[in-house]
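Two complexes are shown next, each including chain A; its partner changes from chain B in the first to chain C in the second.
For the complex of A and B:
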């Protein structure tokens, strides 16, 4: 993965004179903030054998809430809480449909995607929220001990999730459910609780992503988050998390997000229209899954031969 | 004779219009290997799922050491000392041996109210159990997906022992095993009973059953049709009980 990232950087550096500049590196990292947070939640969901294709629009709804608070000259501290709160609430809604309602995650969140998207249109009424005051931006565009706040928040989020995955029963339960929900249930794991909690965690992380989004761009447009779910799924499976569940890599997700953003940024700089970005993401997803299917098949036959 | 660990009375299970199990009376004793035999669909699996808490019975009652119990989940059954080793082994291939043995009942210490795993202690306990069972597995950190079928059975048995199970239900433990591994698992089964566990064994292999079982119960078409001490019956009689050719079974099926 690291090799792939470096390779992509090398190629684009040669192809575009604007690529290998400090300014552009900052742009790539800046563009990765929201996806790193959403991708972290998606890593947990995929590792659990779940998925959430509505997650980008969840970020949109949280961003609208934050924007409304800022637009009404509300306290930036209230806005700070609003993002994770709305994210958590929508996470509960998703969990209610998918976990309690026993609707398969892909179908349930696809249904919610439709509902949420219309909600975004209705709430925005065809107009962008723009020209928001800079109070939230001032709060988050600072550094603590020389580290930018977004980097700090992301580091804390990844560290917390890593600890939860590797050092607490929750992590074991999540991976066991990802391996087989039925077996996990038979092992006495509180499957419903773990799944519910994971959708809520993903919602909270997405709410934090929305906070950074609004702080950075100071507007909320109609199409907000429309490619986030696709990007997140691509980055996470690029990073080695299994789409079938049971296996995940947090470092892989970080690298997957960076690689995706490096590719998108690089292609833009060499003159590929941004319209093509989802095509790149889509091809990456298909490519990774195709590769996984093929490489899974080969060792399996060898293994079977060894047993026979 | 000691009092039975578990008594099943009049157990029945219906799935809609289908009666999978009717009027099953059974006693299960500690330190004894009880074999359940029967054709496919005879009701063995349904019966053990009821014992394991995976299905509630439609009728009848279960008594453990004389007290009536009602299981609403496998967790309830486990709390009463019943562990089930399913045919398709409920192990998570992506987790390690130690993690599997403790899955759902991890050892943990609380730091600021957050439960953290005690990995070193779990590993030690599992190491001890594996040696006690003579399971020939050296590394409790190995993923279960990398183990052979017999080794997986050993892990499942460790898991049961670790839950302080007093009744271990084994659903065709040797079905997918090579000969040498089968021998090991049968030895494990006897060792379990030797430790004072009650063992219920489901198998299709009759010679295997005669090798380890103390008592043999035959199911047919959702009913218990016979119960024999292993020493008081033989291969042919058991086969005729399973197929329904035995006069006792014929008489029974005529009256029903």
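For the complex of A and C:
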């Protein structure tokens, strides 16, 4: 993964004179903030054998809530709470449908995607939420011990999730469900509780992502988050988390997000129209999974040949 | 009430769909009586043709089980229409346009089948990937611009109306559904599809060529998407790169509303047909009431969630 990242950077540096500049590196890192948080939640969901294609629009709805508070000259501290709160609420809604309703995650969240998109439209009324006051931006643009707040929040989030995965029963249960939900249920794991919680965690992380989104751009547009879900799924899969569940890599997700953003930014700089971005992301998903499938199969055939 | 409770399976679903349909129509009549005339019926059937073809493919793929789903249908509709129009520009004889459009769709569907069968990828993630590839390519090659130049004779078919019924609906959608329902009920292939949807392991054990059937179903879903793309060309007179937008959601909703179980092995195409008419009536009604099209996505999505939950609840209630 690291090799792939460096390779991509090297290729784009040669291809575009604007690529290997400190300014551009900051841009890439800046653009990765939301996806790193959403991708963290998606890592948990995919490792559990779930998925959420509505997550980008959840970020949109949380961003609207934050924007409305700021727009009404509300305290930035209230706005800070609003994002994760809305995210958690919507996570509960998604979990209620998918987990309690026992609906396949992909179909349930696809339906909710439609509902949420209409909600975004209804709340915005076809207009952008723009020109928001800078109080939240100022609050989050500070540094603590020389580290920018977004980097600190992301580090804390990843560390917390890592500890939860490796040091608590929750992590063990999550991976067990990803391996086989039926076996997990039979061995007494509270499957419903763990799955519900994971959807809520993903919602909270997305709410935090929305906070950073509003703080950075100070506006909320109609198309907010429309590609986030696909990007997050691609980044997580690139990072080596198994879509079949049961295996996940948080460091892989970080690298996956960076690689994806490096690729997208590089392609844009060498003059590929942004319309091609979803194509590239889609090909990446299929390519990685296809490669994984083929490489999984090869040793098996050799083994079979040896036995024959 | 007792008769309703005695109804089971497909009959119950059809009865419920008809009731819902009547509610929609009565509601519309109350809100705007001028809506209903022959012109509206024609429009509804015209819109239905595209959704019906796509929904049929989606329904068959889901019916065959194995967590089967085809999320790429919308992209396949757009891309096959664009491929057909671009090859026309590259000097393809116009006579071959319909064939190329359907074949392009079939090829896109076959690619899905290869990913699901050959590489054993999960259907939802493989077709989610191809959905973004197909719809992205359709948008990117054209830069979002509609491709004009559909031959005149195709427009005659696409816009023709016989007794208020559009020709594509009469000559494409109805025969496709008749054939599919005949195949499902009266041929070995149909039995195989139900069998593998119900229990794939036993289906394999009794010697049903599960992989081949599944591959063909994905290719068929693609071909039907290609046919839907052709209908859009013949009706609108141009290839629009975003014509398939939201079709994955709508076709899924139609299949679920039509009584096909998401786990496969249960349901039929008759219900899908009725569900398509219901959905399109609802959409057209909203359009007539001047409600923004963005609301349609939300209503269709809410319907999908509602149907899935209702299905689970009714199962729990019965057992």
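Throughout what follows, the second predicted complex is superposed on the first by the 301 of 308 C-alpha atoms of A that agree within 3 Å, B and C clash if a C-alpha of one lies under 4 Å from a C-alpha of the other, contacts with A are read in each partner's own complex, and residues count from 1 in each chain.
Here, a residue touches a chain if its C-beta (ideal position, glycine included) is under 8 Å from a C-beta of that chain, and two chains touch if they have at least 3 such contacts.
Everything numeric in this text was worked out from a predicted model, so none of it was measured.
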item	value
Contact breadth on chain A, by residue count: chain C or chain B	C
Touched partner set for A:184, first chain B, second chain C, both or neither	first
Touched partner set for A:246, first chain B, second chain C, both or neither	first
Chain B versus chain C as contact partner of A:283, first or second or both or neither	second
Touched partner set for A:113, first chain B, second chain C, both or neither	second
Touched partner set for A:172, first chain B, second chain C, both or neither	first
Which superposed partner A:295 touches (first chain B, second chain C, both, neither)	neither
Chain C residues within the chain A interface of the complex	67, 69, 71, 115, 119-122, 124-126, 128-133, 135-137, 139-140, 143-144, 246, 248-249, 252-253, 256, 262, 292, 294-295, 297-305, 308-309, 312
Residues of chain A defined as touching chain C within the complex	51, 53, 97, 101-104, 106-108, 110-119, 121-122, 126, 230, 233, 237, 243-244, 273, 275-279, 281-283, 285-286, 289-290, 293-294
Footprint of chain A on chain B - complex, ascending	54, 73-75, 78, 84, 86, 88, 90-95, 99, 103-106, 108, 114-117, 119
In the complex with chain B, residue positions of chain A that touch it	167-169, 172-173, 175-176, 178-180, 182-189, 246-247
